[in-house]
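Labels run A, B and C following the written order; every chain starts at residue 1.
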Amino acid sequence: MMRTRFDRQLETLNTMLIEMGAQTERAIALSIQALKEQNVKLARQAIACEREVDQTEKEIETLCLRLLLQQQPVAGDLRLISAALKMITDMERIGDQAADIAEISIHLSQEPYIKKLEHIPQMAQATVKMVTESIDAFVHRDLALAREVVDYDDVVDGLFDAVKNDLIALIGADSANGIQAIDLIMVAKYLERIGDHAVNIAQWVAFSITGTHDGGEEAD
Amino acid sequence: MRQKITDTLLRVATWLAAALTFGALFFLIAYILTRGIPYIKPSLFALHYNSQNVSLLPALVTTVLMVLLSLAVAVPLGLFTAIYLVEYAKRGNPLVRMVRMTAETLSGIPSIVYGLFGMLFFVTWLGWGFSILAGTFTLAIMILPLILRTAEESLKAVPDTYREGAFGLGAGRLRTVFRIVLPAAAPGILAGVILAVGRIVGETAALTYTAGTVAQIPESLMASGRTLSVHMYALSSEGLYTGQAYATAVVLLVLVAGINTLSAALAKKIGKG
Amino acid sequence: MEKFRLRDVSLWYNDFKALKDITMDIVSGEVTAFIGPSGCGKSTLLKSFNRMNDLVEGCKITGSIQLDGQDIYKDPNINGLRKRVGMVFQKPNPFPMSIYDNVAFGPRTHGVKSRLVLDELVEKALRDAAVWEETKDRLKKSALSLSGGQQQRLCIARALAVEPQALLMDEPTSALDPISTSKIEELVTQLKERYTIVIVTHNMQQATRISDKTAFFLLGELVEYGKTEQVFSLPRDKRCEDYITGRFG
């Protein structure tokens, strides 16, 4: 008995996860762009994007619960669906963090920056890459790729340390810089957490393939 | 509209057929009863038969005797053969086919042929003369195929799941057959026995040539005797006591009805417990 | 502690090889489930444990099946074997007798005559099979007057009455409604404390619910055998995964 209906539903699940990943990436990209360009309109778009992410999370959650009820999955199917349920939680948090960054960028849009943003956009780029690749790893059952994502978090953490050191120096030079510096460190922290959530996603992807779940460090 | 006409026609035709059947049966019974009952007097049940009082009691006794004895010979033979064929013989065993074929052949032989065989073999060759014994054995051979066939069918009709269940509990084949299969097959087997009884009671030709026609209660198995049907035949062919012939017929009917009812009740009882 | 040890067991129905070199151990005090598509040999293997296959003509078996260390095919006492290894069939098959006589049949077969002892055995068996309350007031009534689920529990009681060590169940709930099914599953979970149970089932969820170990068979071979949780969450053999996820029937 080929479970064509079930397989189609799993296809739909994959599609929706890719969509959610794309929305999450867009939220990050928009919020960082808004930050760089000090563009309030872009910031508001980023926040709207976050609401889309929430909506998609609900839809995927409903689909997964329905699949559990209707199809009584076992083995690989069960791991896939339960991994999906965990992954969307992390992606939704990423969306929240992106929105928080957008909020801060609105706050910072009035004055020029104390320093040119350099590491922060790099962090953003790195985290977007991590999210893209972990969704990719899920859809293509690519264990090696998932493990790469986990390792890549070191890059994000390294960049975070760099941002921290730069900002500490700036505060040391002039305490008036502190006001902006604090917001900027928050942004960097949010990005670092996004990195950790991406790691979680990759670890759930690995679980869906191997059946063992490593880690589960709570970023929030 | 055409459907309705066909429906009604069919319904009428069916009803008519049923009515005719019941009518025929009813008429037959009514005819016999009306012609026979007036002649049923206590004298008809006298212990001895003589030309003045054509008592049917000896014939009645002989009939009962014949039924019991024939069954005593044929039922064990037929039943145990059936048990062997169904429960023990391996599939494709040539013996099975042979026995079945023999039984089929035997059941098709007209009873007069049995009578002649009986006379030649039991009466003459074995030297038993016209006797209850000769009659018994001839009838036994006659009803054997019937008993064998119905017993076989009844045993085969018992679902294998019963046997499986019994074996699964560690019962051997013998125990399974006698405690589980036979009781379950009993109603069917008894039905076969009733049929056989019917044949025995209705037999005339075969008995005339083997048991003879002596109208007294037989003193021993080697004595001759007549059953009710033979008695009826004798009376009507003599032409003097037609009334009593009908009376005999009435008694026969009552006897057969009684046997049927008894056996049905017995089968029900065994089937339940 | 192994109850059954199978080594290179192969079985032929005339020329057809139905079981191919099965080697496995069945642990006592556990429920082991046999799963697999139709015709894979799981029922055939089950019936070898109490030599019910001997009844099938043209059936030949090689290899060894040991019960408590004794090869069951070298022991001439088949009835004794079937006393120690009871069986419950797919369709309930109570004998056309009273409930009491059904349950007492086994003990009577094995020599119990005393009415008192039989009464006790019957009550105990019916209690153990969770059907005492429903039958205690109608022990003399025909077993066929019970519902399907009750009949099956009666058959379980009948098997338990001879005090076996192991119980073989061949798709015992496939002919029953969901409520009767769950009653019997509940029963199996209780019984495993005292008996070794091997159950053939087509119902995967049932296997996950009640069994400790699961064996997957395909075309007469033992393809996968392990703890139920492991077999159903991370099967080692792809054929097993395909079967349990329904990717082939």
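One rule holds in what follows: a residue touches a chain if its C-beta (ideal position, glycine included) is under 8 Å from a C-beta of that chain, and two chains touch if they have at least 3 such contacts.
This structure is a prediction, so every number in the text was calculated from the model and none was measured.
Colleague: Just to be sure I understand: the centre of a chain is the mean of its C-alpha atoms, right? Then which chain's centre is nearest the mean of all of them?
Modeller: C
Colleague: In terms of C-beta pairs in contact, which two chains are most connected?
Modeller: Contact tally peaks for the chain pair B-C.
Colleague: How many angstrom lie between the CA centroids of subunit A and subunit C, rounded to a whole number?
Modeller: Once rounded, the distance between the two centres reads 53 Å.
Colleague: Taking each chain's centre as its mean C-alpha position, how far apart are subunit B and subunit C in Å?
Modeller: The mean C-alpha positions of subunit B and subunit C differ by 47 Å.
Colleague: Taking each chain's centre as its mean C-alpha position, how far apart are subunit A and subunit B in Å?
Modeller: Centre separation, subunit A to subunit B: 94 Å.
Colleague: Given the complex with subunit B, which residues does subunit C contribute to the contact?
Modeller: My answer: residues 50, 52, 55, 57, 78-83, 86-87, 89, 91, 93-98, 105-106, 109-110, 142, 155, 158-159, 162.
Colleague: Would you mind writing out the residues of subunit C in touch with subunit A in their complex?
Modeller: Per the stated touch rule, the residues are 204-205, 208, 232-235, 241, 244-249.
Colleague: With touch defined as at the start, can you tell me which subunit B residues reach subunit C in the complex?
Modeller: Subunit B residues touching subunit C: 90-91, 159, 161-162, 164-172, 175, 179-180, 183-184, 271-273.
Colleague: Going by the contact rule set out above, which residues of subunit A touch subunit C in the complex?
Modeller: 1-3, 6, 72-79, 211
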